[in-house]
Each structure stands twice: as structure tokens, then as C-alpha cells.
Amino acid sequence: MRYLDEYRDPALARTLLAELCATATRPWTLMEVCGGQTHTLVRQGIDELLPAGMRMVHGPGCPVCVTPLQAIDRAIAIAARPGVIFTSFGDMLRVPGSERDLLGVKASGGDVRVVYSPLDAVRLAVAEPGRPVVFFAVGFETTAPANAMAVLEAARLGLDNFSMLVSHVLVPPAMTAILESEHNEVQGFLAAGHVCAVMGWRAYEPLAAKYRTPIVVTGFEPLDLLEGILLAVRQLETSRCEVENQYARAVLRDGNTAAQHAMAEVFAVATRYWRGIGSIPDSGLVLAERYAAFDAERRFDVDGLDAAEDPRCIAGAILRGSAVPTECGAYGTACTPRHPLGAPMVSTEGTCAAFHLAGRSR
Amino acid sequence: MTTDPLTATCPLPRTDTDAVLMGHGAGGRLFAELLDTVIGPIIGADPVAEDAAVVAVDGVGVVVSTDSFVVTPHDFPGGDIGSLAVHGTVNDVAMRGARPVALTLAYIVEEGFPVADLARITASAACAAAGAGVAIVTGDTKVVERGGADGIYINTTGIGELLPGAVVTAAGADPGDAVLVSGPVGRHGAAVMAAREGFAFDLRSDSCALNTMVEDMITAAGRDVHVLRDATRGGIAAVLNELAFASGVGIAIDESAVAVPDQVAAICDVLGIDPFHLACEGTLVAVVAPDAADDVLTAMRARPEGRGAHRIGVVTNTHVGRVTARTALGATRIVDMPLGEQLPRIC
Amino acid sequence: MCLGIPGEIIAADGGVPPMGTVDFGGVRREVCLVYTPEAVVGDFVVVHVGFAISLIRPDEAARTLAVIRALPGALEAELGVER
Amino acid sequence: MTTDPLTATCPLPRTDTDAVLMGHGAGGRLFAELLDTVIGPIIGADPVAEDAAVVAVDGVGVVVSTDSFVVTPHDFPGGDIGSLAVHGTVNDVAMRGARPVALTLAYIVEEGFPVADLARITASAACAAAGAGVAIVTGDTKVVERGGADGIYINTTGIGELLPGAVVTAAGADPGDAVLVSGPVGRHGAAVMAAREGFAFDLRSDSCALNTMVEDMITAAGRDVHVLRDATRGGIAAVLNELAFASGVGIAIDESAVAVPDQVAAICDVLGIDPFHLACEGTLVAVVAPDAADDVLTAMRARPEGRGAHRIGVVTNTHVGRVTARTALGATRIVDMPLGEQLPRIC
Amino acid sequence: MRYLDEYRDPALARTLLAELCATATRPWTLMEVCGGQTHTLVRQGIDELLPAGMRMVHGPGCPVCVTPLQAIDRAIAIAARPGVIFTSFGDMLRVPGSERDLLGVKASGGDVRVVYSPLDAVRLAVAEPGRPVVFFAVGFETTAPANAMAVLEAARLGLDNFSMLVSHVLVPPAMTAILESEHNEVQGFLAAGHVCAVMGWRAYEPLAAKYRTPIVVTGFEPLDLLEGILLAVRQLETSRCEVENQYARAVLRDGNTAAQHAMAEVFAVATRYWRGIGSIPDSGLVLAERYAAFDAERRFDVDGLDAAEDPRCIAGAILRGSAVPTECGAYGTACTPRHPLGAPMVSTEGTCAAFHLAGRSR
Amino acid sequence: MCLGIPGEIIAADGGVPPMGTVDFGGVRREVCLVYTPEAVVGDFVVVHVGFAISLIRPDEAARTLAVIRALPGALEAELGVER
């Protein structure tokens, strides 16, 4: 595929690796922010091939994995209601809530359906006027414009049976939280290319300056990541701390303003809890008051549901790079991929799950 | 060494469930768990899941395999549930180094299913059976209430005779053996996924009968053909893991050597799915003695269904029970069993 | 992360919202083009959950590759692979 | 001579339908029509529906039979879908004068089905197979979406070897032969109907394996045992009609000689159903040479499942393809094929 | 079963047959009114054993078979509506309407369910408050009290989702219509025991007198029917024309007054079309105006549906005993059990279907 | 016709509407007793579509049989059958 295959060229990847080895003089620690980046690093084994001592810390992962227990439990409560058609991206179906996951709700008779696009959920609401259709709106800034358009479409079509359970997160506040942490060991960031395709990268400039941390916006293919790592390491080696855009073919400094406008129209910024990280001010999106009629939380009255994460989980330290999973008391015993206690065990891209699959023991 | 992040799509499930989940039927880890913990111990079955059993009837070894087919949509590019039901079982019988001779054909039909569709599917099954040189010898038709089936389900059971000189079993892989695959992977799964998710897609399922090619392979190499498996549910990832476990060996493949058609790769990229986890229905994995590899490849390539046959790896005595892949960049990763059903991902 | 894949717009309907057909290496699907109003048939866009979120700029795409190819040893490596 | 008014419960249907109806799966006339007009011509199957086929494998005659089981409720007095799936196929194999040696077991499970029920049903199937002396050699599990099955469906396929000296086929009835039945009729159908319609009912289904009794019958009379059929879907009415058609003979039975247990008669009276149309799952009809009848009856009665064996009629060369019954009052009526599913009647 | 088995005794049946042969001096023609009586006669072969020349003409059959095409078509139209749960006795499911039958509706996705009792339909309406539950109320006087009680229960429980499609018929007007017919050949009747269990037999007294026709109320077992035939023949041989009650163990002269009251409360008498016979004044029941809220015809607006029977059908003549099926031009060609044109081919108890099954050709 | 079968009342609840359990030769089902208010446990009723529509009078039942048994040849026929 054009614009994809050429960024997977193994020969150029090896050239980049060679250049990286030639450039890095110290064991730098970088964080890739996005689960998509993690995916490529792990899938291609890039982290194995990095210069000795150099470390990639896996970031907050995908938005799916940082969705708080509470949101999952609310989704499950709504999906279990008779008559409701609950729609979601496929990823959310396996994320464990306090008691079970959405696949379990489906197995017990809930009408849970996978959609590829939020517009599919709107179409379903048109096709099934007699039944409430709920869409589970999760994601980073990348997904928010699509979800916003579903609300705008539902409003345009005057649908009274469509609503959204919103659990959106915003990336820059999470990066700030990591940088703010006392024990942070991350020295540079690979910022998420698709988030930036929507939002641009202006928001990172004050971060890079304030925390004196290089930030490189990258794409998701091997060459993108390797070049991004190289650019970050070059900055570190030369004591620079700028925002660089490795993914210029898809990302503008100002991002996609049409998408930003739709997001601003439909959503409002709010404090948000991140699974495994904690509460972060201004790090989430909720439905703006003027679209309250489409808010599934209000419509289904699931406010009462609260869930607490397990206190044994040291996910915060792992995300900051200050601890490894084998240092966690729950690792491999109370916490396994089958019974994850925290976000890094939920996703196979998570550090704890990766350790577990590789058979590392405490 | 790193792990395969696609093993389970993004977050892992709670699998110690009280209820059967869709994933239990997807031929991956959940299915293995169900077999190991529930069905196997009760039936007293061998934990090594062979594609087919060998039963002594009047002193003769009869090869038997059964499968039910529940695919939706019933029609997909390159086939339908009728032809698939024939190919799937014919192939499972062949995977024991056998010549399939007869099939049973049992329908479970939802009331209201068009008789014309039933006729068309039956004709497709009959045509596939004739093409494979196998007779449909008996059958059954049950009708269930509206809402009691998704149109039609088909069970086929195949009966075969062992090919002279064949000694083929999932446990037969020896360190040093060559690992071959008969063609590009993921075509069936991608075709069904495309039909389901509303993608226009020009590629066809690979669904076809492999029994003639298997006969040629056995003719070429006899007992040097150690393992044969059609890479159905769970794709080559599942099949390689199963045979590594069954044979008590490691398997090391070269990821770049596994051909993934462009359109399969494209749909996998769009939906966030691993092509190694996608079902094939006319593509097999063979493990053969190293010296026989070339002869077997020659025999495979002489058949249209094996034209794309190639060597993808080697059997090792390290990493026992595991499958490792050398990535395009030269790193090594674990190719884990898929967990359950493939769900499209956003991340 | 957010799975986003480049594809070529092969048809566009100009409706409300504007929809189009995007080809991903031979696989085609309906995509909402509301956020890439400047894109026309023949352009490549990055598609995420059924929406085009970004227009791909071919010049920048080429420039990125050119920079990498300009690294020491790149040419030899590429030739080596192609040999 | 009068016709059997229960043939079709009250009004007759329109059967030249475009859609599959529940009645097509009920083993009666509708089913026969589907087989004759749709499936049979395509598969090229013999219009004579045998309970099992005989296939040559490496020169040996292998007996094969398949059936899917979709009964609801899954549990009924005297059995469950697991034991039933084993008995049904073991019996079909035995009905060719064969010793069943192996079974395949294929599940289609609805997501959400309790794993505990799956385990219980599997244990029941395993226990039934052990009781019949038959091994479950391979299997399959598919999971379908919620609403895609009524909990669980089971396909079993049985493999058997011909008993020495046995020549048993549906076409084997000769005029003058004795028609025997191995016990009282209608127990399985009545048990399931009672469970479904909310009747308290103390009788148990007759579901059981008949293969050992069949061995004893063949030992006693060899090739004088001409026809064996288990009276499943459509009851003895269907089975007698099928064999009259297949053998090109008439069958004359004495209605009073057919034992109908009181509770079966009672539920039939209440629901307006004919006991001859109710399924048995452990009761067979045998057609034997007249001189061998007593020996065969003795062999049957020596087994618990044949304790109630008795002679119910005779094969004739008149009324070819028809079954007639002498009523209690001495009149004659036609025992016609049931049409489709049994529906409770008010009139 | 007590009160059943003793009336099936073959020895006593043969005694009755012998007495009948000794009594009958002429080839009398009797009609058994009810399909249940026909069922026993045919099933036991009693009609074969009657004295030479004596003839049983099968009556209007069961209420199921005389339900007019129009009512079936309306039932089908209602059952095919999305959301509707259509409940019926099992018999009605196979009765062909103009285009298809209720089993066909079920096969195409209609929610058609068999109930054993009309109260089961009411229970279903309680259990499924969100869905309209319709019960197809057919039957003679025997069934009307049960169906009336379903309406009374629905009213008592305040169910707004329960309604009934009523197509009840009354027996005495049909007997009158047969007797009034110019070509009638029926000389005596076996009246239907269970109809009389509800209604008593007073209504037959003026009929017997006016048309000088013996009428014997009988039960449904072989001895009941044989004794009933014997009693009717004795009357004919002695030129009496009375109403006699053979089924005294279950039938009182006044019937079941509690049941009659419920019928009178819920239903009103109306003109009714009988399939194969035609329109008969005062021969049907409709819902009384005060229970109009439970009338499915009004609720679902199916008045527009009208259907005409095939003009080729000579069912009237067959029912009167003045023609046999082989005299009908459609018999065996346009009209077969698979494609019945008229009532006598619809039910296997019908004369035309019985002829066809026996292989008689035109 | 109307399928009506005699059965014995083995339990009655006196509710609204009054329901009871009727035994039909060993098979038991719930039946509505509203139309046979005089019936008590131990009585036999004729049941049609889940309703008792008539109380069976044992004296009349016996009388009917007695009349038939009084026919010429009846006793011999019955004895003959029972032999």
C-alpha cells in the first residue's frame, strides 16, 4: 500500500538503526505515547535492536486501556438493559470491568454490536427507531471528531433514540502528568502522530520548553518510529528540547481545524481519571451541555456506579519508567492477563502483559 | 525477544467464564482451554488435537474427521458454506495422510430459510465433493424454529483410508525439519471479514480441497512428511503453536517468508488484525524431513493449489512449545496462539 | 494509539455529510470526508474509524524518505536488499 | 377401508413452499418431499433413505450414519440431548446390522450457554457412549452468536463394522415376513411433548442404545433379519411407511398389538396426537423371515430394552407402499406418513 | 383412563354393531355434526362396519375447518406485523389462507406461538407488557367459554396489550341450514357432545320437531357413537323424531349455565360465513360492544381484507350428502390436499381429503 | 369437534379464577375450574383447552354402560374378549 509499504523498508530501517547507534552515546530513556507506536515497536522487535542501554518506556497505551473501570462498568450496565442496542469499537468488548466485560454481557443476552465507525451506530438508530441505540465513545483526540460528527448527525436527523457514553481522553495533559511526576525517568517523547493530525503540535511546544524534554511527532511505521527515535536522541545528545515533526506527510502544526471545530462544538473539557495513572485535570472530554440530550449517562442514570482500582497496582511507577512489573507484589499472582488488576496488564501492549507473555517471573 | 502484541487484540479478556463466549469457538487459546478443561477430561480425549482420528474397523485403519460450519455470510468471494463444509472436512481427513472416500452431510436449517438457497448450497457441496473425488453417502436435515439458527449450519464428517506409506501426525515434527506452507495466508478469513465489514474486496477465499496435493506429497516423500495441518481457525499462528505443542518442539519461522497477499495485508492494516490469525481454507502447513523438503515443494508446486508453496521456517529443539518469528528487521518475536475471535480494533 | 491508514479517494459524493470511497491497496470502503474538505478524488487521506482525518502531502512524504535515504550507507543497504 | 385422520393433524398444509418450514424437519411427508425434490436429486442420493450407509474403505465395508440433535428442552425425563445424540447415532449404525465402533461429537453452542451445562451434557454423552461400548474419537465445537442457536445442537456421526452374517437394509422386507417391535411406542416423543407443554408426566423417554440387542438378534437369526429401523422422527407410522416404500411391499399391522403405555395414550388423548407418530429413541421395528420370528423375539426379550418385544404385523404383497392397520373393531385403516411436526389440537 | 377406556371396549362395540344390523331395515343416512365424532368413526373404521347401505355423512367438521378464508387472512395479516405475538391453538397454524398459512408467517419471521389454553395467551400478555399479544379465538360453543374467560381475565388485570381475533361459530344454525337445504339427504343427526355439555340440548328440540329429524347427543368414544347411531336408527325405524341424550354422563339438558353466562357477557351473536357452506344468520359470535377494546380486528384495522372461495367447489352439496367428491370438477386436479379449494379438502377428516388419501379417482 | 378429555381433580386452589390440577391417566396439568364450581377434589371433569366444561356424573356413566351390556349377546361378547 502506498504511503505505508515504503516506510516499512527493512534496509532503510537497518540504516536508521546504524545511524542511531552511531549517534547515541548514553542510555537514553524515551517514551512512545501511543499504543499504536508500541504496537509497531513490539511487533517488529525494534526495542530489541536499539543501542545497548537505550530504553523505550511504553506510554499510557491506547485510549481503550486507560478507560476507567467506572466507565466500563457503566457501559456494561447500559448494555445489559433489555431493548438497548449497545454499539462499540471492537477493542472495548474485551476490556474487563469490575465483574465482567462487554463480551460477557453479549453472551448473557445483551445486544452488543461492533461498529467500525460511529456513523454506523447512527445508521443503526435510524434503522431501529423503536430501540435505544447507545454508542460507546472512547478514544484520544484522533477519534473525537468522528464521534462528534455522530452526535451532529443524530441532531441533524432529529434522532431521539441515539445517545453516547463518552469517555474521551486528551493526550497532552497525560504527558504533563508524567513529566510532573517526582520519579519520572522519561527523557524524551515520541508524540502520537494521529492525535497530532487532528490537534497539531502547538500544545507540545510549552511542554518541551518547560520540562526541557524533546518531543518528536511520529508516524506508526518502522521508519517513522526509528527516525523519530533518532531525532529525539539527536536532541538529547545536543541538549536541545524542541518539538519536531517526523510525520509531516500527515501532520500540520495547526492540525485539522475542521475537526477541532466539531470537537469544540460537541464536547467540553473536564477532569478525567486514567486507568493506571489516576485523575488528571482537563484531560478528558464530556458532552457539551447543549448536547446533553445525547448523553447516555444522563439518559440511563448510571451515575451511582463507582469502582475503585486495586491498591496493589504500581502502574503509575511502571508508566513513569521508575519500576518494572516484576517489582510489583501482585505481578503473576493476583494480577495476570486473565485477571488484570491494572492497565499495563490489560493490553498485550502493556508492559506487565508483555513481561508475563515472555514468561518472566518475579 | 518480544511478544506478539496481536496475540490478543488489545486488552485481554477474562476467560475463566461461566458462560460460553464467541471466542471459545475461534480455535485459539480460549478454545484450547475449553477442550483441555471441560470437554477433553470428560471424553478422555488425547490433549493433542489431531485434524482427524484413526479408528480400527474390521482391522483396517479408517480416518475420521468432523466439523460443523456456521460461517456468515453464507456466500463469500470464492465459495459458500456448502463448498466450505466439504473442503474443510476433506482437508482434515487428508491432513492425516489419508485419501478421503466419503462424506456425511447434516443440515440444521432455520425455518423460513429459502428452499432455493438450500438447493444452491447443496449443489455447491455436491460440486465440491465431486471435485475432490469424494462421495456424499448419507445425510440429515433438522429444522429449528425461527431465531434458532442463522439460516443454515452444516456438519460434515469425512471417512478416509490411509495413504500407503503415510505416517502423519501433529506430534511428528522433529528438530531440523523444514516447515512449509502451501500458499499465501489469510485469504479465507480476509474474504469473510471483508464481506462482514462491508469492504469491497477482489480477493477470493482460498477454499479448496487439498487431498490430491497431499497424495502427491506422500507419493513424493512417504513417511518423510511428518505433519500436515490445514491452517483454518486461528490461522497459521494457531496451527504452528498446536504442532509445536503436540510435537514438543520449537518452531522458528522467518516472517518475511510468509506470503501475505496485498489485499489481505490491506484489510488487516485497516481493521488492526494479524494476517497470521486469519483462517485459510485451502492452505496447509507441512513439516517434512529436511532432505525431503525440496521434493515435497516440487510436488506441491505442481498443483494449482500449491503453486505458491514455500519454506517458512525450521523445527528447533529450543523454545519448546513456542513459535518464534524473525521479523523483517531481524529481531525475534513470539508468535502466540490467538486468544479468540478476531475483533476489528481502533487501537 | 489510533489505527489510521492511508488510502486513495476514488469517489466522492459531496453529500451531507460528504462521503466517498477510499481504496486501501485494493480494499475499498465508504469513508466520511467531512474533515478533509480540500481533498479530491486521487488524493490520499489518513482514515480513522471511517473518517478521513488528514490529507497526505506527497511532497512531505517524499521528503521524509529522502532524508532517510541520505543517511550514510542507506543507498548501499537499499541496493543490497534489492539485489 | 378408511384413511387415518391423524395423518395430518386436522387441516393439511400448503407444502410447495418457498421457505423451509418446521415440518420439513419432522421426518414425515414434508421431509421426504424435501429429500426427494431438493436434496436427493442434487446429491444423487438413493431415494431409499437408509439409517446408515455402507462405504468401502480399503476394501472393508464401513457403516456410517450421521444425525444432528436439536431437541428442546435439553433435559427430558429419561435423558438429555447428550445421551440422545449418542443413542440416536449408535442405533442408526446398528440398524444396518452393524456393530458401532466410533462416534464423532460436534457441538454448535450459543454464546452464553453455561459451561457447566456443556460439561454435564458432555458427561452424559460420554457415559452413553461408554454404555454402548463405543468410543468418541474426535469432535468439534463451534460457537454462534446469541440468538444463533437454541443453547446447543449436537451432531454425532457413527462408524461401524458389519456384523458377520448380517444383510440388513430398508429394502429387504419380503411378503410373509413378520413385523416385530421391540417395546411400547411413543415414550420419547411423549416425554418431550410433556416437558414442552407443561404436563407432569412420570414416564421416561425410551432413549437407549440398541446395538447389543441387534447383535443378539443377528446372532439368533443371521440374514433372516431383513430390516431394522429405529422408530425415531415420525414414529412407527413413518418407519413402517418408509420400509413399505423401500421394499415395495405392503405392511398390515394389528393396531391392538402395538403397545402404547397408558401415560403416552393419555397425553395423546389430551393433545390430540397419534401415538404412532410420536418418536421413539430406543425402540426398533424389525422385519424378519416368518420362521425366524420366534427366535428373534426370544433374543430381543432377553435384553432389558427388548423385554416388551412383540409381533405387530405381517408383510404383504398387496397395498404396495402402504401400511394398513386392523383397528380394535376389526376394520382396516391406512396408516399414513405423518406430514410434519406434531401440533397440539383442539379438534 | 377412567371414563374413556370403558367406552372403547371392542366386544361391546361389536355387540352394538350387531344390534344395529338387527335394527336397521333401510339404508339410513345420518350426519355426525362434529369433527371429533368423524375422527373416531374414521380412525376406528366404524363407517366400514355399518349395516350395508347405511351412510354417515361427515358434518361441518371442526370449527377450524369452517373458519372462513377471510378470518385466516386477517389472522395472517396481524401475525405478520412486527412486534406482534400471535397466539393460536395448534390446529389453526396449518389452515391455508388465500396465500399462505400461519406456519408460513412464522417461517418468515412472525412471532406465532401455539398455546394449549387461551389463559396461556393472557399470561403471555402479562409477561410481555411491551408487545401486543393477539389470540385467535376460534371454536364451537365448547371453546367459547374458555375464550370468554380470557377476555374477562384480561379486563380484570387491566391488560392493554391483549386482544382477540374472534371467529366463533354456533352449531344449531348450521344444522338448520343443512336441514333447510333443498337437496338435503341427512335423515338424522348425531349432535356434538361437548357443544351440548356447554349449551345443553334444548335448542335441538324445536329442530327435531320442525324438520321431523331424530337428533342424538353423543360422546366421542366408539361405544358412544355406536349407541348414538343405534338410538337414531331406532327412532327412524319407528318414525320418531326426538332429541335423545346418549352422553348423559357429561351433558345436562340445560348445559353449563356458568359457562353460558360468561359467553353471553363477552360475546354477541352475529351472522357468520362458514367455509364450504356459506353465510348463515345468527351462526357466529363476535365480541360484545363493551369488550370492543379487546377486538383485534378493530385494533389492527384488517377490515379491508376480503377473500372469496373458489366457485368450482361443491362443498355444500357434499356436506348435505347430495354429491360425492368424485363428482366435483376440481377434485384431484385443481383441488388436492396440498392445494385445497374447499373445506372438505382442508381437513383429513373432510370427505374430499378422505377420498383423495384413499386414492379414489374421478 | 372439540377435544374434551375426562380427568380427575386432584387439587384445587380456590383462587381467581379458580385453578386446579387434573390427572389424566397419570399425566397432570393445571386446569381452570371456574365453570365447574360444584366440582371438588376426587370428581372427574371433562377438560377442553385447559377448562373444565362439565362434571362427569358417575351414575349416568354407569347407566350408559349398563344399557349397552344389557343388549343381546353383550355379556357373551365381553366374556369372550376377556377369555
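When the chains are written out, they are named A, B, C, D, E and F in that same order, and each has its own residue count from 1.
Assume a residue touches a chain if its C-beta (ideal position, glycine included) is under 8 Å from a C-beta of that chain, and two chains touch if they have at least 3 such contacts.
Quick caveat: nothing in here was measured; it's all calculated off a predicted structure.
Peer 1: Among the other chains, which touch chain D and chain E together?
Peer 2: A chain counts here if it touches both chain D and chain E, which gives B, F.
Peer 1: When you check each chain against chain C and chain F, which touch both of them?
Peer 2: none
Peer 1: Please tell me whether the contact surfaces of chain B and chain D are same or different in residue numbering, using the over-half criterion.
Peer 2: Chain B vs chain D: same; shared/all numbers exceeds half.
Peer 1: Count the touching C-beta pairs: is A-B or B-C ahead?
Peer 2: Contact tally favours A-B.
Peer 1: Distance-wise, how many Å sit between the C-alpha centres of chain A and chain D, to the nearest whole number?
Peer 2: Centre-to-centre distance between chain A and chain D: 59 Å.
Peer 1: Centroid of chain E to centroid of chain F, CA atoms only: how many Å?
Peer 2: Inter-chain centre distance comes to 22 Å.
Peer 1: In angstrom, rounded to a whole number, how far apart do the mean CA points of chain A and chain F lie?
Peer 2: The answer is 74 Å.
Peer 1: Going through chain A residue by residue, note those that touch at least 2 other chains and give them in order.
Peer 2: Within chain A, the residues that touch at least two other chains are 1, 4, 10, 14, 35-36, 38-39, 62-63, 89, 106-108, 116, 139, 143.
Peer 1: Could you list which residues of chain D touch at least two other chains?
Peer 2: 17, 19-23, 111-112, 197-198, 262, 265-266, 269, 345-347
Peer 1: Would you pick out the residues of chain F that each touch at least 2 other chains?
Peer 2: 1-3, 5, 7, 24-25, 48-49
Peer 1: Is the chain-to-chain touch network here best called a line, a ring, a star, complete, or other?
Peer 2: Shape = other; not a path, cycle, star or full graph.
Peer 1: Could you run through all the chain pairs that touch each other?
Peer 2: Result for touching pairs of chains: A-B, A-C, A-D, B-C, B-D, B-E, D-E, D-F, E-F.
Peer 1: Provide the residue numbers of chain C that touch chain B in the complex, in ascending order.
Peer 2: Residues in contact with chain B: 1-3, 5, 21, 24-30, 47-49.
Peer 1: Mind listing the chain D positions that touch chain F in their complex?
Peer 2: For chain D paired with chain F, touching residues are 194, 197-203, 262-263, 265-267, 269-270, 272, 345-347.
Peer 1: Would you tell me which residues of chain F are touching chain E in their complex?
Peer 2: Checking each residue of chain F against chain E gives 1-8, 16-17, 24-25, 32, 34-37, 44, 46, 48-51, 53-54, 56-58, 60-61, 63-65, 67-69, 71-74, 77-78, 80-82.
Peer 1: Under the touch definition given earlier, write down the residues of chain E that touch chain F in their complex.
Peer 2: Touch residues, chain E against chain F: 1-4, 6-7, 9-12, 14-16, 18-19, 34-39, 61-63, 89, 116-120, 139-140, 142-143, 145-146, 149, 153, 156, 192-195, 197-198, 220, 223-224, 227, 246, 248-251, 256, 258-259, 262.
Peer 1: Give the list of chain B residues in touch with chain A in this complex.
Peer 2: Residue positions touching the partner: 1-17, 19-23, 197-198, 256, 262, 265-266, 269, 271, 327-334, 336, 343-347.
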